[in-house]
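Both complexes below contain subunit A, partnered by subunit B and then by subunit C.
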Partner chain A sequence: MSTETPTVPAVQADERLAYRGPIQRLLTRPEIGGLIGAGSIWIFFWSVSDVFGTTAGINNYLDVATSLGIMAIAVALLMIGGEFDLSSGAMTGATGMLVVLLVKDTGELGGLGLPLTVAIPITFLFAMGVGWINGTLVEKTGLPSFIVTLGTFFVLRGAKLGFSKLFVDKVIVEGLDDAPDYDFWVNIFGAVWIRNDHLWDSFLGGRDLVFGVLAAIGATAIVVGFMELSLVRRTEAGSMPSVRSAFALLIGLVAGFGGLIYLTQTDGVADNWTGALVMAVGAILAIYGYSSWRFEPFSGSSGGVSMGGQNGRRALIGIGLIVVGTLLGVVMDSSNTDVLGLLLTVQGLRAILFGGCVIVGVLILLGAAQRSDTSPVNRFVLTALAGLSVAGVGFVIQAEAASRKYRAEFFAWMMAAAVLLVTIAIVRISFDQRRHADEPADRFGTLVSISGIVVFLMAIATKLLWATSIELVESRAIITYRISILYFFVFAGVATWILMRTKFGSWTFAVGGNKGASRQVGVPAARTKTQLFMVVSGASWLVGTLIAFRLNSVQANVGDGQEFFYIIAAVVGGNLLTGGYGSAAGAAIGALIMAMSFQGIPFAGWNSDWRFLFVGVILLLAVMVNNYVRGRAEKST
Partner chain B sequence: MSEPALLEIEGISKFYGNIIALRDITTSVRAGEVTCVLGDNGAGKSTFIKILAGAHKQSEGRLFVEGEEVSFDSPRDALALGIATVYQDLAVVPLMSVWRNFFLGAEPTKWGPLKVIDREKAASIAKEELAKMGIDIRDTEQSVGTLSGGERQSVAIARAAYFGAKVLILDEPTSALGVKQSGVVLRYIVEARNRGLGVIFITHNPHHAYPVGDRFMILNRGQSLGDYAKAELTQPELTQLMAGGADLEALQHELSKAIGG
Partner chain C sequence: MIKMRWVALLAALTLVVAACGGDDDTTDTPETTAAPDTTQGTQAPATTEAVTPTQSMDYTFHMVTHSDDGVFWSVVKRGAQDAADALGVEMVWSPSSNDPEKQVQDVQAAVASGSDGIGVSLANPEALGPEVEAAIAAGIPVITLNSGSNQFKELGAITHVGQTEVVAGNGAGERFNALGAGKVLCAQQEQGNIGLEERCQGLEETFNGEVVTQFVGLDSEPEAQINTIAAALQADADIDGVLGVGPNVAVRAVEAGNQAGRDLFIGGFDISGDLISAIDAGNVHFTVDQQQYLQGYLTVVFLFLNATNLNTVGGGLPVLTGPGFVTTDNVGEVAALVEAGTR
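On to the complex of A and B.
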């Protein structure tokens, strides 16, 4: 036991509050279901398709996700505020068409021939007006927004077709570039960045090095941050690292990163063995060295190893599943693409059985380790077993796999996961777990782990969005990034910030959660809702303008029927259909899931007639997962 | 009668067309006192609250706040004069956190026009103010939906008190609660009274009203059956009055006959 040196008590959190570690906290966010779903779908399509994981593939579904996502975010805000807008889809087409009609100067009746500098603000005011009308009608009549905006939807739909026929006698209006100042505005709404050059290849040593360095920094920060959040800080003031732990830390860092970088560069079996082992030992040494300097050693009773009873059975089932899955993976022919039944090839069946058995097996082991009645030693054994199994399966995959992505990258990631699990096992049995909040440590840990997550995401983005010239030649793709991607990310960030940090965000949750109560305490409920309708129509204006600049023309039916996809994306991203709960980032993730599902099906070589079936299943799964996550969140707060 | 009552109600009547909802109601509430308004269903309690809260305007009669005659055109007017109403089912937003609920509609902001909520300030004030009322919240980030029914009402009461309410009107705060939870709310009513607020406690339960009340006004079919100080009334008398006096006696008589066989 450590001697209690009384430190200056910082602002202590309530002692009745059980301390929640970083993982538990993450698991109660509304976005988490969507995030896990997006990850799984990505891995799924990545493994069945050669194009899906490449920059060209990503470019493809990111493009679909942007216009869907901008709308889904706005619709999510409105949904949190307790209302729907069924006119949002038709509005995108209406604003797009309006701006073209205002600037074009040819056709039956001719357009107005206005410059875009005038036409774009007019269109924006029109959108604001429609949003205001929607909101005011809903508020004044007290009718459900579902009905009111259904009416607006039909009005817009009819107006689009009618005006289109009236002005140009066609169902499409063309000629946005008639505008005299088109060249200026195209930079703002229609900018395109074509990536078929080799400009970036030598930048800072190339993509993979940038990725490696960013990923390493990010991962280190995440590990450090999470340890700060979950372990007890050493109490001796100004403790210096002992020689032993400093040495371990240093050697470990060098070995760990060296091994990781080596690993991503090779795909030979012997090379991988060496790389993986060096990385594993290095990482574990580094983390152990750092922790023994900074955190209190384990002081509880470890409890004996008893693998009898429930836990023994769970361990057996878990290991059994992993072994069976791996055997199936080895036995079944991975290159056989004979179709067994609907959709499914031998190859696909193998992937599902192999992956499914291993994932479920590992989850069973980890689940048993997390149970509160599991003794620390047993927890160590179970977690370490899970880690070793992942490593073992990784080696089997590497030996079996035909394509390079499994032999090199996937193998590296599995090794990283295995090392992580083994390290968690070692750290949890060697150091004391926090049971109480500790303000300075929490602040520091949160800051470091969030920055780590951001850097790590940047690393992944580098890897995914930046094609090397070799890849460009191989895929023969021209990669076009549109400015809409930028709008999508910026809007997602701004909307999240508004929801979480501002008065308007708080009121949005309030009017959707309990309108009567918020009105009672002086929240201007009608105004807030009307503003939310205007946010949606404003987003429609943005998307409509982007479409107009992209195609130079707008068809009368653009956007009709899309409103349901916006709502689906918002729901998949964890927004509650009945209002009062949700997140903007979640809606963005939901849009990504939808786009990946839509575009992934042709990438995987499947008949895209089935895509709606797939979307339906995803919607159901997402809603169930979200429901579960929300239940957990409400219980644990 | 040295200083004027916080809120004085004099001869209030309310007519909806030819329906007489309230007739000639007179009562008052002083600082540090609880005035209970008792009445059965349909006695006119809701109309009475709505007039005091500024949601409706009385047809006849006058209202005085601290001795000055006032006239409310909207709930905002009433709120501005320090008259806060806590409705039973409109007290809080369950999915939002305690501190967000506490400051809803009056969030402390920073960064000027951006209206960014000062979360730390809000959370610490909420915790402090609730502690003053004797409500010990574990974590102000927890959603109000996880609190018990009594605690929810209490959060609303504490909020009203913090935002400068002088008179607190509580609409049936205990009617949907169990025995224990009602006790919790009654304790906070006493707490609010001890802090110098005037409380108008509307209820149909004389057992809840008698222990905390200083004055009792009994409504029956839109008319006042009297406005009593606590000293003038015992609890059985209060129950009796509320139940319509003679009616209950007759019922008791009949019941005992039926039971006696």
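On to the complex of A and C.
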């Protein structure tokens, strides 16, 4: 038992000063909803398409997300600053066209024949100029940026067509590769990185084993970090683990990783069952052992089990749905491809009913658990039930599935989710939750969590950067990363850093939140907004140049109409249309969601007539999830 | 108040005059009340190019198309302009960027301005049919071009100048048969465009293997087009041919094939400089050329002949400008003409 309860102030403290742990702060980040949405869409398409989850597939939508994303990030910065730029789409085509026109050397009017070394900086200055004009017009006239940039949009659109007809008498300007210095600049804007000959078949047990182990280490570190952040550290002489907890930790670690390695190496139903069970028990043991060494045991009252009332009914509905879904999954014919009306096959209907019932059932269970604040035992039972249901469904899928994808990979992830839920249940009933700041614990927990995330990302990187022979034979694809992807990631990182760590970033939030107030406290509002417009046109310059180098030619209508997709991507990623709130990383995630939704349809082999209907539904869902997550996180502070 | 009354009086007067003058429904457009003195000035839409007041001796022909002023339509416009210059008449070019509503308004404007003849592309026959009939009822000769081969006759147009899309698709299907393809992706760059649908239908009619039709993204998002075609290829390993039903999308198919690591038979529709180079390099096997320069040129010439000499061309049948094919055999000669902007 803890001898010293945390010092809770007797008087009602100012709610703005109330303790908000790192986890709470993380959940209120704008990009969390987008991240959940992106994960769900990925899992959805991964399960309906064979290619979507492969390296070639990921490369495909990453490429689509790139030009969308670079623009969406810039547009998000501007939106946080409270303005719009409708000329951003047309601007990408304009800069791409300008650079080609400048280097062309045909006919009496046909371009200047400049070397790229001169043409590219000129184009950049042009972009900066347009951004400056946009910003200055908005500031000087006081008109809404919506109208001003709509004007610039039409000007650019007309100028693209007019100048291309004037100079080359066609609506497409071609032949960038004839330009002087092309060989140098193509390395900067048009480089590709082919990974097909980078095979990883046997070294250290093969790429997939390394991926699995790295992912497990990363996940473990994230779990440990989160426990540090949310539980109360043992105070009395708790530096050494007791024999019992050390033993549990050790056995758990060995069993967990042993089970995991066994699971990645085999593909038989019985082997998978054994591997998964060993892994699950090991993981739970290890986490329990670690926790009992490090954290205070639960000190509150259990509240007892009460399965009556609303929560009880909810739990029953949840369990019922899971059972019904699973029965349907088992009973319905999985190989029947008869079409049942609109679009659905029996097979498809089964997948939808099965998946839908189970997901909704588990969510209802978890929701009921979340509501049982007064009774920790209830919460434990409900969370553990949800975890066990996930595990059970995993076993059903594993027994039913025809492809290795479901039998091994999906099964492993289901088991991981189940273990996580059960662990959360056990840890929350066995140990005390921390509701006060603890500097060293917070710092340590954050550090461990971030390391975990880095290791997890490294795991994903191994999958993306190395191919296996089997994979190459199956997909026949050429895995080619374009340099634009690098620009996308770098730009996302730099923009996030600027927003969160620099004075300019704070000014951006300030002018978007309340321009008048920010000006009164000394923020140079006009200058900040103009600079934001220049960031957008600079990003347009980058995207336009990348397109020009990729296609070698630019048609006059390239980019027209894309500005709405940039704004949508930013909104899906958690940016507010009204300004003052949002994130750059969110916009990047939003772009990824859009790209996955667009590209998922051809990957799944669906009728493209429904593309926009589907994209619309996904966007609505993403935005709603976003709103919900943010609302809940803010309420529970 | 006196001013208001004047405006109201003038508006009422024009309505009466207009109602007596004709039975078409263009009179109830709100523009007539806004500036009732001349119909000429108000009816000219903002995007019309080369608007000059009609002089009594001159003829003015209106080309009201769903043009987006892209690679394809700029050649049609060039043809119409060349014909107008050669004949010494005015040609008014009204593009509508695939917006049927704007096209309807442009036809109304042409009728109201007393056009001597209208060339109209029936990309959306449902929307434009009534307007075309109204124009003919008002005594203005109409020729359809590019789209509308199935509808021109019942609407009462003199003839249709263009390529019937199904026949063009048939031609592409036979080409793929000769190449030996097994399963072809018909890649569309627009959704809901009848012409593109018919090209894919035509392909399906004559092609011996299987056809998958898919929208792969607009021309204004070239990178998405590449990746969508690549995704469709990766999702279905049997596809060994791609028919891009536009010039750009065929060129994108080349890069998509590289990205997906596939050897493909690629066919295209219409012509662009990039597509010509791709055929020259052997990456694209053929393109279906509908010689759209003729569609602009002949429409103006036919309207002129009707206006001056009451000639009607075609005898109730369409005047076909295609399909012609550009393949590796004739790509050299065509390339020079493309450079000149007339092919």
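Quick note on the criterion: the second predicted complex is superposed on the first by the 579 of 637 C-alpha atoms of A that agree within 3 Å, B and C clash if a C-alpha of one lies under 4 Å from a C-alpha of the other, contacts with A are read in each partner's own complex, and residues count from 1 in each chain.
The criterion applied here is as follows: contacts are C-beta pairs under 8 Å (C-beta built on N, C-alpha and C of every residue); 3 or more make two chains touch, one makes a residue touch a chain.
Here the structure is a predicted model, which is why all the values come from computation and not from measurement.
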* Have a look at where A:T423 lands relative to subunit B and subunit C in the superposition and call it first, second, both or neither. => neither
* Touched partner set for A:S449, first subunit B, second subunit C, both or neither -> neither
* Answer with first, second, both or neither: which of subunit B and subunit C does A:G561 touch in the superposed model? => second
* Looking at the overlay, what does A:R501 touch: subunit B (first), subunit C (second), both, or neither? -> first
* Asked: After lining up the shared chain so the two structures overlap, which partner does A:S87 touch, if you call subunit B first and subunit C second: first, second, both or neither?
  -> neither
* To do: Check whether subunit B or subunit C contacts more residues of subunit A in the superposed model.
  => C
* To do: Kindly classify A:N514 by the partners it touches after superposition: subunit B alone (first), subunit C alone (second), both, or neither?
  => first
* To do: Could you look at A:G580 and tell me whether it touches subunit B, subunit C, both or neither (first, second, both, neither)?
  => first
* To do: Spell out the part of subunit B that touches subunit A in their complex, as residue ranges.
  => 75-76, 79, 85, 87, 89-96, 100, 104-107, 109, 114-117, 119, 138-139, 141-143, 145-146, 159
* subunit A residues touching subunit B - in the complex, by the definition given at the top -> 13-14, 16-17, 501-507, 509-510, 513-514, 516-523, 580-581, 634, 637
* To do: Name, in rising order, each residue of subunit C that touches subunit A in their complex.
  => 68-71, 74, 188, 191, 214-224, 226-232, 234-237, 248, 258-262, 272-274, 341
* Structure fact -> The residues of subunit A that touch subunit C in their complex are 49-51, 56-57, 60-61, 63-64, 66-67, 93, 161, 165, 169-172, 174, 475-478, 480, 547, 550-553, 555-562, 598-599, 602-605, 608-609, 611-612
